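In the two complexes below, subunit A is the common chain; its partner is subunit B in one and subunit C in the other.
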Partner chain A sequence: MIKRLFDWLKQPLGLIAVGIAFLALFSLAAYGIFQSQQSPAQPIQFPHATHAARGLQCLYCHPGAARGPSAGIPAQAKCWACHQQIQKTLDSQLADTQFPLLKPLVAAVTSNTPLEWVPVAMVPDFVQFNHRAHVAAGQNCENCHGDMTKVTVAENPQVFNMGFCLNCHKKVAGENHELLVKLTDCGTCHY
Partner chain B sequence: MSDKLSRRDFLKLAGVGAASTAVLTGCGPASRSVKREPYMQMPEYTYNGLSTYYATTCRECAAGCGLVVRTSQGRAIKTEGNANNPLNLGKTCARGQATLHGLYNPDRVTDPIKRTRGNASGDIVTWENATQIVADALKNNKPEEIAFLMGMAPDHLFDLVADLANSTGINAPVRFGALNMFESRATLSKAAENLFGEAGLPFFDVGGAQVVFSFGANFLETWLSPVSYTRGFAGLREGQTKKRGTFVQFESRMSSTAGKADEWMPLRPGTEALVALAIGRLASELRGGSMPRAFADVDPLEAASKSGIKLETLEHLAEMFANSTGALAIPGGTALGQSNGLAVAEAVLALNAIADNFGKPGGVFFSALAPNQTEYQRSASVKEMQEFVQQMADGKFKVLFVHGLNPIFELPASLDFKNALKNVEQVISFATFPDETALESDYVFPDHHGLESWGYQRVATGSAQPVLSGAQPVVSPFYNTRATADVLIAAAQLASGKFAEALPFQDEVEFLQSKISPLMSEADGFFSAADIDTFAAYFQQYGGWWKLSDGRAVPNSADVLNRSLSSAEAEFAGEGEFFFVPFVSPTLAEAGANKPWLQELPDPTTTVMWNTWVEINPVTAEELGLKDDDVVTITSEAGVLEVPVYRYPAIRPDTIAIPFGQGHTAYGRYATALDENGKIIKRGVNPTDLLGQHFNEAGDLAFAGMKVNIKKTGKKQLLSRLESIMGVYGVGLGEEK
Partner chain C sequence: MIKPEEIKMSTDESGKWGMVIDQDICTGCQACVAACAMENNISFVGEADSGYGRSMHWIRIERFWEGEYPEVKMTPNQPMMCQQCGSATCEPVCPAFATIHSQAEQLNLQVYNRCIGTRYCANNCPYQVRSFNWRDYERPEPLPNQFNPDVTVRRRGVMEKCTFCIQRIHKAQDKAKSEGREVLDGEFTTACAQACPASAITFGRVDDPESLVSQLAHRGHGVKHLEELGTLPNVTYFKGG
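Here is the complex of A and B:
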């Protein structure tokens, strides 16, 4: 039985069938992987540019960057601290017509449910990234995250892959060989 | 491989497949479909992805070990010991680790409840009503009609109620716990009083000793302060810096403490005093000089024949004890829970006089009193509890407040606490879990779980330094619970008059600060501060306050050997054939049965989980025609139990033993079981149901002084256990007897 199946698969029609099956499987896998790399939608199309233009420092909302591995996403209490004093946030008519972005915030605060933000800058689990070391070394946020005064929802200006990291690490180390060894050691990021 | 597809081609294809997968995912995150749920109100000191650690105190038993709890995003994740706390120096026991299973227990009491007694469901009341009910109970009853029954731990709540009682004339709070009964604490302190002229809880420096003789003290399991004593034991066994110490355990059943001993002496129950005095006599003879009066009257030959320990063995033990430079004898547990318990405690303590180890490293001390304590306060003995229950039954109390213990489960059934409750008009429980006593109360006003509460706890024993362990909430309360101290303070304000004057505080934290503020001016502290806010902050940060110096007192041993000591054997109650030894489950103890981690943790000696068993020697079992898992009826003068058999080679053939810890009829889904109709039934049995009301001279229950009968029922109940039974008793080899 199995031998007959193999014999049939070896003839031209069979080979075409195998090819189609392979392509179908491959496409399915590719689609699955593609899907896993798609982010869900943000709960608010957050206008970084507007906030940066008002003079807010990055670390005001993401203080974790200076203190630990994760920059953190601000709690809505932090948003509300300012927004509850802003007329257009409180005025529901204005919010409805001109400032729809504010509606989810007001809803979240009044119903006391958390806003489920979607992380933008991510590295795989096998990379141990720590913001604090980078901020302490004098790197500015925009060196990796781009100029936030120009974007609404944050986007990655580049892919955060190993090449990107190493390029910068090598540049920073320059001629300092001791530093170069430290900054390019596998165990610096993969441990 | 076929002709068409060579091995080489196959590997190429596989390589292409792997490479394309890698390229497609780009070595990126496994999935980008991620949502983050930030705090709604994030505390200032919290950072995403960083754990926050809080120092607090373990409330699982009364020892008062310090904990450091790791929290992440407002959830308690892991408990570890507080390395700063001199009592446990960074260690915990299994129960301390499992405290999270109390916090996250799905059966917690979530709201204040009013119920008809015995009815599992109840009506939710508001905290305003609850406070009013407590206030009315305080105000509308005569002071002598109000009673407080509290847990064993000498904590801040006990101080608060004691203060309230002192200035308003209500009955002083009574502290009790089942461990207190099984440890025979009253006997220990009474024996110390008789020998040294001063009551107090002795402290045994196991770590500094060379030879340790323990008479029934299961100090590696639950006895007094197990984490501290386990560390002491590690010191005893330390072989790198000093000679490895020797440990001999005297008891009729091999406990897991005895399992760690070099020699286990399975003496006949009731002969402990005789054996201790015989060893004392033989050791004194070896030492030379005149025979001390304490040991003069005992006949080692008689001791050997009555105890079942050979004379040569007694001589060998006496030699070991007399020739050691650091011998230590410890009385405790089952040895004291007999009719002659006080005599046993005195005889064993007197052995230490031969070694002359009082107040020396590796010897006997009085435990250091806690920083805000002036004299040793013992929790109630069962005799005192019997009087308390009698007062309840006589209708002397109109209102009873219960906090921190579950007397219906923890007291022997023969005391009939449950029936006595019927004569108390109003019973208010502050239970965190729906236990048997909460079920028989009119109101349950749930306290926070220990990890959600403020407080402090005096360390009664186990540390050389005087220690006050501090507690603080490590997470916000999950449910609509309220700190009992806050309820009482608010109720006292409502009741006004002398009650409000007794507790003039805004809340629990203010009360705590008033109690710890005198420590600011004390010298020799682990830390000090000039103002109370800073001091309280340090108190939270370090998990308490302790002195840097040794606070242990040296017992006055001048008169120990110059008195005659009784070598009388214990009397046993009941007509049964077997000595009955109830022992505390090392994993569950009195309140661990509702924590799945502890239920799933195999018993250290038998590996049984989730149930109760009776340990019977295989020789006896064979005589009775019993095999493992056969259910037997055990009858004492006080009660009857049905329990499956575990054949245990390390128990005397004339003795049987049952662990205490299971047998709950309430206390949540993990502590109980369901029958086939979905009705809640007992999980395992409670051996205290077999205990009659017989006491020793110090008022402790003679819990190990019963004789029982065994009868085969013909039923079987499979015990789940971790150990393999293949090959044991021929099981699985076709030769099973």
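Here is the complex of A and C:
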């Protein structure tokens, strides 16, 4: 039985079948890898570049980064504080034709349903990360999150793994032994 | 080859955080047990698995029998949790370095993501205070809403134990640092000490002679359990004071 299968595979038609099967598997794997590298779908394809280019500070929309563990994702009320004063948001005709990204925001505000943003930069549950300590230590947002003036929807410029954290922790501690002990202690992040 | 007489027990006083438990005022109400389970996302094991001795508590109230049958006397309630030993027996037996000594906080850490579940540490703990996640225990709605976001939710196959509420230690340190000061004594406490209606549990810095916990610990009649094993526990018990 198996010998007959091998004999069939060795003839030209069999070789073509093997080739097609290999290509199908390869493209499936490539598609899977491509999918896993995509940013998640957001309710609005939020253009970070546009906002950062107008001089908005990261901390204006993500103020939790300076105060506590979580940077926070702004509620629509924060968007609306500025956007209700912007003519192109209010003009529905203009929004229809030129600025389709604004339509979900207007719809969310008028129907009073929250925008469910999908977090992009995440660490596993067993990692306790505190934004405040990092901002207070003089780290800029772009050191971990990349330059937001260049991207639309936020994406991770690097993988947040333990090597990435520890490389920086060791560099910051330098010759300060006490700080190095604190910054490389397992209990500083894992509990 | 090391000869048995060459092995020295470490005797130096170490430790940063410590606890004093007054067994005379403990009523055994189990408020600390409940508070600990809430604070640290401890699973509810249920009747069936508890029957196999798989119940999960980071703190438990122990009582023992004293004397022979008709003249039986109950000993005082004894809250027992991880003693955060300075020379812990659980640490050297872990093949994955998942339970290690924190140099910064002088606590015994359990690193959940490193733990491979050999359970050597629990078998080697003289206080029997470690608990193992035998299953992913069910948490019906709306119980997941009361998860403490500062504590990892452990999965099946991971060992866990009392951390002296290290998340509260970090929170207090972070707050103190943001205000440019040191952590004050009594500024924060562990969940068990906070919940205790009789204030039988005191928590604080044992390396600070001014703190309440070290003043209580040095009052003289305190006992450290199984100290003769050389584990250097950081919890002091008072009984019959």
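The definition used in the following text is that the second predicted complex is superposed on the first by the 151 of 191 C-alpha atoms of A that agree within 3 Å, B and C clash if a C-alpha of one lies under 4 Å from a C-alpha of the other, contacts with A are read in each partner's own complex, and residues count from 1 in each chain.
Keep in mind that, in the parts below, a residue touches a chain if its C-beta (ideal position, glycine included) is under 8 Å from a C-beta of that chain, and two chains touch if they have at least 3 such contacts.
Only a predicted model underlies this, so the values are computations on that prediction, with no experimental measurement involved.
Undergrad: Where does A:L115 make contact in the superposed view: on subunit B (first), on subunit C (second), on both, or on neither?
TA: After superposition on chain A, A:L115 lies in contact with subunit B alone.
Undergrad: If you stack the two complexes on chain A, which partner ends up touching A:D185: first (subunit B), second (subunit C), both, or neither?
TA: second
Undergrad: Per the contact definition in the header, classify A:G19: touching subunit B only (first), subunit C only (second), both, or neither.
TA: After superposing on A, A:G19 lies clear of both subunit B and subunit C.
Undergrad: After lining up the shared chain so the two structures overlap, which partner does A:A133 touch, if you call subunit B first and subunit C second: first, second, both or neither?
TA: second
Undergrad: Quick one: name whichever of subunit B and subunit C touches more residues of subunit A.
TA: With both complexes superposed on chain A, more residues of subunit A are touched by B.
Undergrad: Is A:Q37 contacted by the first partner subunit B, the second partner subunit C, both or neither?
TA: first
Undergrad: After lining up the shared chain so the two structures overlap, which partner does A:D125 touch, if you call subunit B first and subunit C second: first, second, both or neither?
TA: Both partners, subunit B and subunit C.
Undergrad: Hey, what residues of subunit A end up touching subunit B and subunit C alike?
TA: Shared contact residues on subunit A (touching subunit B in one complex, subunit C in the other): 69, 124-125.
Undergrad: Write out the stretch or stretches of subunit C touching subunit A in their complex.
TA: 100, 102-105, 107, 109, 111-113, 150-153, 163, 166-167, 170, 174, 177-178
Undergrad: In their shared complex, at which residues does subunit A touch subunit C?
TA: 69, 124-126, 128, 130, 132-133, 136, 181-182, 185-188, 190-191
Undergrad: Where on subunit B is subunit A touching in the complex?
TA: Residues 2, 4, 20-21, 24-42, 47-50.
Undergrad: With touch defined as at the start, can you tell me which subunit A residues reach subunit B in the complex?
TA: 6, 10, 26, 29-30, 33-40, 63-64, 67-78, 108, 112-119, 122-125, 159, 161-162
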